[in-house]
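In this document, chain identifiers A, B and C correspond to the written order of the chains, with residue numbering beginning at 1 in each.
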Amino acid sequence: MTVAVQFTDVSRVFGEVKAVDRVSIDIQDGEFFSMLGPSGSGKTTCLRLIAGFEQPNAGSIRIHGVEAVGLAPYQRDVNTVFQDYALFPHMNVLDNVAYGLKVKGVGKSERLARAEEALAMVALAGFGGRKPAAMSGGQRQRVALARALVNRPRVLLLDEPLGALDLKLREQMQSELKKLQRQLGITFIFVTHDQSEALSMSDRVAVFNKGRIEQVDTPRNLYMQPATPFVAEFVGTSNVLRDGLALQLSGSDNPFSIRPEHTRLAGSEPLGSDEVEISGLLHDIQYQGASTRYEIRLANGQNFCVSQANNQWQLGDAPVQPGQQVTARWARAAMVSLRREV
Amino acid sequence: MSHSLTAASRLPAEGWLRRAATLLYRKPNLYLSLLLVPPLLWFGAIYLGSLLTLLWQGFYTFDDFTMTVSPELTLANFAALFQPANFDIILRTVGMAVAVSIASGILAFPIAYYMARYTTGKTKAFFYIAVMMPMWASYIVKAYAWTLLLAKGGVAMWFVQVLHLQPLLEFLLGVPGVGGNTLSTSHLGRFLLFIYIWLPFMILPIQASLERLPPSLLQASADLGAHPAQTFWQVILPLSIPGIAAGSIFTFSLTLGDFIVPQLIGPPGYFIGSMVYAQQGAIGNMPMAAAFTLVPIVLIAVYLSIVKRLGAFDAL
Amino acid sequence: MHSEKASWGLKLAAWGGLVFLHFPIAIIFLYAFNTESSGFSFPPQGFTLKWFGVTFARADVLEAIKLSLEVAAIATLIAMLLGTLAAAALYRRHFFGKESISMMLILPIALPGIITGIALLSAFKTLGIEPGLLTIIIGHATFCVVIVYNNVIARFRRTSHSLIEASMDLGADGWQTFRYIILPNLSSALLAGGMLAFALSFDEIIVTTFTAGHEKTLPIWLLNQLARPRDVPVTNVVAMLVMLVTMLPILGAYYLTKDSEGVAGSGK
C-alpha cells in the first residue's frame, strides 16, 4: 500500500494560536480516513493544508510522494467538498460540475458528457439545467460531490459535508459516501466533529485535540483501546479515573478508562478476585430502552456512569432508586490504562 | 531530494500568466500591495497631497496692497479668523448648520419611524426609493426648483394667496433674524432650502437604526407596563440616537461647506463657503481662503468626536 | 408593542414628508413644458414641447452636455477601477492601517465639497497645471471612488469566500477565478456603483467650480443661468434633463442590487 498523504511535523500558526502543532500522519492510498475532533481542534486546518488553502509554517506535506508545500490549490491533484458546498450561484448545475474540466481546457462536448456522467453517479441525472438555488440541501450536497469527483482526483477532501443535513438524510448519505468510496477506490479524507459518523464510516480515524493528534486508529481500536483520557471521553462515553482513585483501583497512578457498558451495579454476591468496585450515591437513572444508565456520584465528587443492558423481557421492579448508596463493579481486565495528560 | 524539483517534474509546463498567478497566490502580501498601490497613489498623492498643500498655503503671507501672495510663513491668516467680521461669518454658518440639523431631525423622524415600523415589502421599497430619488436628484436643480418656488408670483406665493395667508407671511418675514424682504431673500427661505436638500440624508440613517430595533423590545416595554408614549421616550428615542447622530453628520457638514445655496436664496452676507470662494477667486487671497477652509475641518472633527460617543459610526 | 396601524398623525407626517421631498421636483417637470417665455408665474398658462427643440439647437447647451458626459464617463471608469481594487484589498484581510485607508476613501464625500475643491485647486496652481478637462476628471474620480467601493465591498462581503477556494480547488488559477467566478458575482454591484458614480459626477458642482477653469459642465452652465435669468425656458428644460440623468440611476442601482443588499450609496 502506498501513502496518499503524508504529514511530517506540520505546524500552522495563526497569530498566537497554534492551530496545527507538529502533526505527523500517514494516510494510505484508497482508505476512508476521518479527522475527528471538537471545533478549533485543528482538523479543518489540516484539511485546508492538504487542499492548499493554507500553507504550513513548518513541516512537510507530501501528496502521493510529491512535496505539496508551496503549491497552489490548482496545482494539486486533490478536490474538496465544502461544508457550505460552495456551488457557484451564477452557473447551472451542469456548468458547476463541468467547471473543473473547463478551466483545465477540456473541450466542451467532452466536459459536458463527463459532467452528465458524474451527475448520474450521484443520482442527479437530468438536473443539470437547474440553478443551485433551486435545489434542496441534499441535492446541493450531491452536486458538490459530483463537481469534485468529475476531476478524478486521487484524494477527495470532505469538510463536514453532512453537517447541514437532517438526521435521516445524513444517515442515507453516510452509506452512499461509503459505497462511492469503495466503488471509486480513491482516498477519502473526511472531517467531522460527530464521533458516531467517524466510527461508522471510516477505515481509520485521527482524533484531534488542541492542534495535535491524540490517536490514529481503526474505529474499533479507538473505542476499545483509547490511548488518552481525551480520546476515551470524546469517542463514546467513558469513565476516566485518575490519581488516587486510579492508584487504589488499578495499582498504577496512570489514569484509566472503563466504559459504562462494561460495568454493572453490584448485588449481594461477593467481589470476585478479578474484579474491582467503587461505591457512591446514585443520583439519576436514565431509562434508554435497550439499556439503562445509572449516574453515580463518587466520594471525590466525580460522576461515574453505569450502563446495563435491559436484556430481560420480564417487566420486574426497578432494582434501585435515586438517593441510594450503590456499588459499581467491573472486571479488572476491562480497564484501559491511558497516557497521562500533559 | 529537493522538494521543488519533484514538484516541478509533476507539473505541466506553465505560461507566464499562470506563473504570475501562482506567485501572487504564494505571496499574499505582494498581491495585497499590488491591489492597494493604485488607490493609495491616487488618494495619497492627489487627495492628501492637495489637502496638505492647502493647509500649508494658510501660512503664506498675502499683501493687501500688491494683492500678491508671498511664501513668508505667518499665523496672521488664522488670527484674522477671529476678527469680528470673519467671526460673524463663522457664527452665522454654524448657527444655520445647527438649526438645519435640528429641524431635519424633527422632520425626518416621523418619516423614518413610519418606514421602519409600519411598512413592509412593497410599501417599504416604495418609501425607500421615494427617499433615495430626491437624495440623488441633482443638487443644483433642486436649488433651482426652490428659486422657482419662492420667486415673486411663484408657487409658494400662489398658495399663500389662495389660502389667504398673507398676514402670516408678513409676520414671519418681519421677525428679525428669520425674515427678509421677500421669501426668496429671507433667512427662512434659505433655511427651508437647506432642510429640503439634506433631509433624505437624515431620514435614511434614522430609519436604519429604527429598523434594527427588535419588536420584542417594544413588546417587553409594553409588557412591563409602559404606555406607548413612555415606550417612545424611554426606549425608542434613546435607541435611535445613533441614527440621528449619523444623519446629523451629513446635515451639519454639508451645510457648513455649502456656498451655492446662500448665493441663490436668502439675504446677502457671507457663509464660510462663499467666503472661501470669494477669497480665492475675486480677491485672490489663497492664504486667507485656506485659513477659512480650516474652520469646517476643525468644526467637523470636533463634531465627529462628539457624535462618535453617541454611537453614530455604528449607524452609518 | 406597537399597534398594527399607525396613527393618523404619523401617517400624515410620513406621507406629507414624501410630498415635501417630491413637490419641487414635480415643479421642475411641470415648468419644462410651460408655454411662457419668461417669469415663473404659477399656475402655468399652457403646455408645449417647443422648448425642447430650442434647447437642443443651442450650441452652449450641447457643449456643456458633451463635456459633462465625457467627464462622468471617464471619472466613472477610473472610480470603478480604483474602487474595485480597494474593495478587493480591504474586504477580508486585516492589516495595519486598514481603517485609515477606508477612512481616507470616505473623506472626499465626508468633508464638504468646498474643501476638496479648493485643495485640488491650490495643488494644481502650485504644480502649474492649467484647470480644464483633466482637472475636472481628477476631482470627480476622487469622490466617486467611495461610491463604487461601498457597493463592491458589500458584495464581496456577502459572497462566500469558499467560492473562490472552490474555484482554485477545481483547478482554476487566480486569473480564471477572477474571470469566471469573481467578476460574474461582482458585476451587478459594480454596475450599480458605476451608475451611481456617473450620476454623482454628472451633477457635481461644488468641487467642479474650483477645478473647471473656463470649462462649463452642465451644472455650472445651469448655475450661470441662475445668476443671469435670461432664457428661462431653456434653463427649465436643461434642469429637467439633469434631474432625469441623476434620478434614473438610483432606480437602476436599486433593481440591480435589491435581491442582495441595500444600495450602498447613502453618502452622496
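We adopt the following convention: a residue touches a chain if its C-beta (ideal position, glycine included) is under 8 Å from a C-beta of that chain, and two chains touch if they have at least 3 such contacts.
All figures in this text were calculated on a predicted structure; none of them were measured in a lab.
S.K.: If I rank B-C and A-B by number of C-beta contact pairs, which comes first?
M.R.: If we tally the contacting C-beta pairs, B-C comes out ahead.
S.K.: Need the most distant chain from subunit C, centre defined as the mean of C-alpha atoms.
M.R.: The chain farthest from subunit C, judged by C-alpha centres, is A.
S.K.: Averaged over CA atoms, how far is the centre of subunit A from the centre of subunit B? Could you give it in whole Å?
M.R.: Going by mean C-alpha positions, subunit A sits 56 Å from subunit B.
S.K.: Express in whole angstrom the distance between the two chain centres, defined as the mean CA positions of subunit B and subunit C.
M.R.: 15
S.K.: List, in ascending order, every residue of subunit B touching at least 2 other chains.
M.R.: 21-22, 25
S.K.: If a residue has to touch 2 or more other chains to count, which residues of subunit C qualify?
M.R.: As it turns out, subunit C has residues touching two or more other chains at 168, 173.
S.K.: Touching at least two other chains at once: which residues of subunit A meet that condition?
M.R.: 72
S.K.: Under the stated contact criterion, what part of subunit B meets subunit C in this complex?
M.R.: Listed in rising order, the residues are 17-18, 21-22, 24-25, 28, 32, 35-36, 38-40, 42-43, 46-51, 53-54, 57, 107-108, 110-111, 113-115, 117-118, 125, 127-142, 144-149, 151, 153-155, 157-158, 196, 199-201, 203-205, 215, 218-219, 222-223, 228, 249-250, 253-254, 256-260, 264, 273, 276-277, 280, 286, 289-290, 293, 296-297, 300, 316.
S.K.: Which of the residues in subunit A end up touching subunit B in this complex?
M.R.: 55, 60, 65-72, 75
S.K.: Could you list, by residue number, the parts of subunit C that touch subunit B in their complex?
M.R.: 1-3, 5-6, 10-11, 13-14, 17-18, 20-22, 24-25, 27-28, 31, 39-43, 81-83, 85-86, 88-89, 93, 95, 101, 104-105, 107-108, 110-116, 118-123, 125-126, 138, 141-142, 145, 168, 173-175, 196, 199-200, 202-203, 205-206, 209-210, 219, 222-223, 226, 235, 239-240, 242-243, 245-247, 249-251, 254, 258, 262-263, 265-268
S.K.: Can you tell me which positions in subunit C touch subunit A when the two form their complex?
M.R.: It is residues 160, 162-163, 165-173, 176, 180-181, 184-185 of subunit C that touch subunit A.
S.K.: Touching subunit C in the complex: which residues of subunit A?
M.R.: Residues 51-53, 72-74, 78-80, 82-84, 86-90, 99-100, 102-104, 147-148, 151 of subunit A touch subunit C in their complex.
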